[in-house]
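Shared between the two complexes below is chain A, which has chain B as its partner in the first and chain C in the second.
So, the complex of A and B:
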């Protein structure tokens, strides 16, 4: 068995709001095998970004509760101080490409000067040394050197995305979290970025968490896929099984709603609305929309059960 | 969809230049800067000292209008004629052991008006007892007037022909000999240059000016050979581009000097206060509600206190220089309107993705504040800074006008203050008032236009034409 670079156990992140706590990440268990990529898939608002923030401990001011274990390379990150997280983990070990990453470039600072920020802050580099590294880094993601001298608004969306990816890879982290790295791009640029990410994974032996709402993209790029629904993991397994042989009714619906070129199928849609994370339904969170819902589904939450090599949280697969 | 508002400082300047108002502003302010840059070519190094040393301006006419007044009025107003020692021809005679040295100079007087003043000077280097001096003034019509006959001692002697009662008596005698009457008011510069010195009441009319070749003679009688430097000044009624003030100072030099003082004071004050206000306002908002509250309450306080009266009070109590005034201005504006702007923009920026990202890669709060937040705010203050420059120039001018500004530096406000206390406007010395006032207005106009240009670029609402 492969080593697991990251394991979360009962990870919880609730936000405080006037309506009550938002259960954005609700006892999430998942893992990333070393050198592999995990795609986290789910509808928008299901808590994917929150989970990424929880792993890196980038918390907003209105945290209601934040608990569980985040075991990274054998160390529970929850035991580290904020300062240790800042100086030892973030960017050195785990870096992140934010959702809407193009907006993570400061419009008034040249791209080069921004890319080198982590090096200046963490590694105590001189500016010239850092810029030399940055030149390498942008080449690595297929960008011409001159982008370093440009302001963000002078670059195209795809170029900005590559620049941000270069910045995430700059300190050679073990794990990179990419939050919807392609969702704001046109299809062609999206494909280019996808190829770049695949390529980088081979070359740099990186582990990825790749967040997307696009299941087809996920199974294309990732070794493993975790399907998230309403702050919880619905199913986690190899990309192959998730795509070809989905077990969880939600995953099945999700696949049914993906248009394909090859087969003439009738597109399905998932009836009902995603649940409110302040007052999630009792029992299985999907039961109001699930065609197979049983009695127990309304009363008790299904645990994550192992089926063959995969895991699924659904009463249909036993565990009573 | 329009292009997003530019955010880099260089970009904003570049865009500002493209607008018409921006161009106008740059032309006006460029002129001011050229004026300031030309100073080394115009005025001596110790100009500030000289400006305040009233004795050093004696060769200039008092209250002369600008030269260009001639072109507007069509009258050929007199300019100063300065006969220095090199204009005088020297002849020597020896009569029974006495030396008579005669210095003779002539000048042509072709102006349409009388001179404003006459002065004769002589510098001798005799040791011992005084020598006898005779100053003779010969008019084109052949009349000879003995202006002075008496003893002078070594060194420089000045004869204020227009003011000295002793000399005036000689001139009155001339009138009496010609007409049999003694004039009530003796104005040598008119009598000596008038066709008919008799009809004094009317002779001020310019048609009475006697044009032609005038001769001035200095005769020195002594018992040994001496050398002397005579000088005769016929003061004009126009001088230079900006005229002169009551104290004979060349106003153009004062106005030129006022430009860098005003520009430096206004821009330094405006930029320094904007920077401080932005840093403090942003820091308050950045480091949490307690600091924010503190900064904002202090800002409210500073916004309602009347700065000008307080500064007047300070300058009455302490004697201020331009630099200490600058210091006080900054003290009373460490927080203010820009702090409020900075605060609201900081709240927006705080939610931006790149701040989140910066937190992730471990940038400290202070680094983020100075590297990410403040550079984002500065462009929004450009318009305000440009608008504040004239405010501070006015402030300095007001204090100087009241005689409470820097006692050394010639500033536009101080020139105006001098003009006011000399009653310049009632007396008709308009150039003393209008030119410095015009400069203040021009520099304000320049910065106001610049402010509009900035505002158009930075303020997205104004961008959509």
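So, the complex of A and C:
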């Protein structure tokens, strides 16, 4: 059994709104094995990005509650102060490639000066040293050195995305959170970036949390898959289980809804819409859309139970 | 001869036909410099029959949206011809396009920004009816309820009274579809109608579009970057690259037997959900699509093409038929 580099226990992140707390991350238990990648998949609004922010403690002002355990390499991150999170964990141990990150580069600052920012701020490097590191870092992601002297508008989308990935890897983190890292890119550029991420994982022995709504794309990287629905983990298991023998009715339907190029199948869809996270239904949050819902599903929330080597939160598989 | 005659007799009428269409956007690069052009659509020809859906597949910036808008005469082409039911409308003035406007419609990508947030669904659907002179209120109400029923927003009275913010993404797109179809158009352009929707509702909208297309025998242009969804809606697909159609034919043929190197690369890059994908390296072509201000000479894919020869850099390949109905613009299509 491999070592787990990250484990969350009962992770909670609720946002305060005028209508009441939004339960974006609601008692989430997941784990990442060292050197492997966990894809977190789910539809928009299921809480997958919030979960990433909760792990890194990048929180907005309107937090209602934030609790649980985040154990990284044996240390509960919840016990650290904000200053310790900033100076010891973020970028150094866990870094993140944000959604649409390539469009967040400052247009009036050279790419190189932006890439080295974490080194200057978090590690106290001098500018020359930092630039030396940055030259290595951009080579590592397949970019020519001259991009450091360019402004963002002089680079293509794919090049900017590579620069942002170089920045995330600059301080040699162990775990990288990728939040829809290719969502604004073309199909061919996306394929290029996926190849790069595969190479880097092997070369640098990285672990990934890969957040995406695209199940087909997730399979390019995922050793394990966690399926989120309405702020909770519905199922977590090996990629083989999730894609070939999904257990949770939601996962089954979701896999069935992905159009495939190379095989013929009738596409499935799930009638209805995900619940409002201010006022989620009692019992299993999927029961209103679930074709197999039983009486207990309407009354009690299913716990995440172990079935073979995988975990599923569904009353169809016992757990009482 | 008999066989040919038989084929012609069953072929439904052509609704829209374009010939060698060019839509260029003028760009001023300097005060005294000559105007140059972004050649977004550069020599495109095709036709769409009654009840047929044609997919236009390509990456962002390939000109597919410009092409769709030009066929609706939202944009005016710089050269080429557009025929609607064999009547030329390429440069018709707005007054002459009234009937054309009523018989055509567009469905947009983003149902969050294409619906007026200050109007309720009833008012959104009433707008095209008022513009097209349906004076009687009862008649409008009847048409609105019927349209909502067609897109399965039941109970119709309830949905008619809702505002866009009260609806989910899938429901909003249904309203947008109802609005597009309420005047019984004969030609509809749908520009990425499902790309903003979640996976679990995407298929539902695709099926709905297919059903309505068949029921009303609409000529349909489906613009997308996603060949996998095109397969579910369109029997025929055109692949666009840098302002040109590089390959067109039966969708299944194109997917199983792509003949253009760009189509091959595109299909290779599109993953199916399969856990063994993580062990493969995707074969990718290097580089980026060309700048359409100044596209490369010869075949526009030649700078990225792994097979390119001298002829590819010198002359532009034309679409030529290989297997029946399957056209490819590549000098090397029979060799690779």
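Basically, the second predicted complex is superposed on the first by the 320 of 320 C-alpha atoms of A that agree within 3 Å, B and C clash if a C-alpha of one lies under 4 Å from a C-alpha of the other, contacts with A are read in each partner's own complex, and residues count from 1 in each chain.
By our rule, contacts are C-beta pairs under 8 Å (C-beta built on N, C-alpha and C of every residue); 3 or more make two chains touch, one makes a residue touch a chain.
As the structure is a prediction and not an experimental result, all values here were calculated from the model.
Peer 1: When the two structures are laid over each other on chain A, do chain B and chain C clash or fit?
Peer 2: fit
Peer 1: Any idea whether chain B or chain C touches more of chain A?
Peer 2: Of chain B and chain C, C contacts more residues of chain A.
Peer 1: Quick check for you: in the superposed arrangement, does A:2 touch first (chain B), second (chain C), both or neither?
Peer 2: Touch status of A:2: no partner.
Peer 1: Touch test for A:56: chain B only (first), chain C only (second), both, or neither?
Peer 2: So A:56 only meets chain B here.
Peer 1: Looking at A:117, would you say it contacts chain B, chain C, both, or neither? Reply first, second, both or neither.
Peer 2: first
Peer 1: Which partner does A:190 contact after superposing on A: first (chain B), second (chain C), both, neither?
Peer 2: The second partner, chain C, only.
Peer 1: Here's one for you: vertex at chain A, rays to chain B and chain C, all C-alpha centres; what's the angle to the nearest 10 degrees?
Peer 2: With chain A as the vertex, chain B and chain C sit 80 degrees apart.
Peer 1: Under the stated touch criterion, which partner chain does A:96 make contact with: chain B (first), chain C (second), both, or neither?
Peer 2: After superposition on chain A, A:96 lies in contact with chain B alone.
Peer 1: Of the partners chain B and chain C, which touch A:158 in the superposed model: first, second, both, neither?
Peer 2: Only chain C is touched by A:158; chain B is not.
Peer 1: Between chain B and chain C, what is the shortest CA distance in the superposition, whole Å?
Peer 2: 8
Peer 1: Considering the complex alone, what residue numbers of chain B touch chain A?
Peer 2: Residue list for chain B touching chain A: 4, 7-8, 352-354, 356-364, 367, 371-372, 375-376.
Peer 1: Any idea which chain A residues touch chain C in the complex?
Peer 2: 37, 43-44, 156, 158, 186-192, 194-195, 198, 213-223, 238-240, 242-244, 253-255, 257-263, 267-271, 273
Peer 1: Give every residue of chain C touching chain A within the complex, in rising order.
Peer 2: Going by the criterion above, the answer is residues 59-60, 168-171, 198-204, 206-207, 225-229, 231-232, 255, 265-275, 277-278, 281-282, 284-285, 288-289.
Peer 1: Please output the residues of chain A touching chain B within their complex, sorted ascending.
Peer 2: Residues 56, 58, 86-87, 90-91, 95-96, 98, 100-101, 103-109, 117-118, 121-122, 151, 153, 167.
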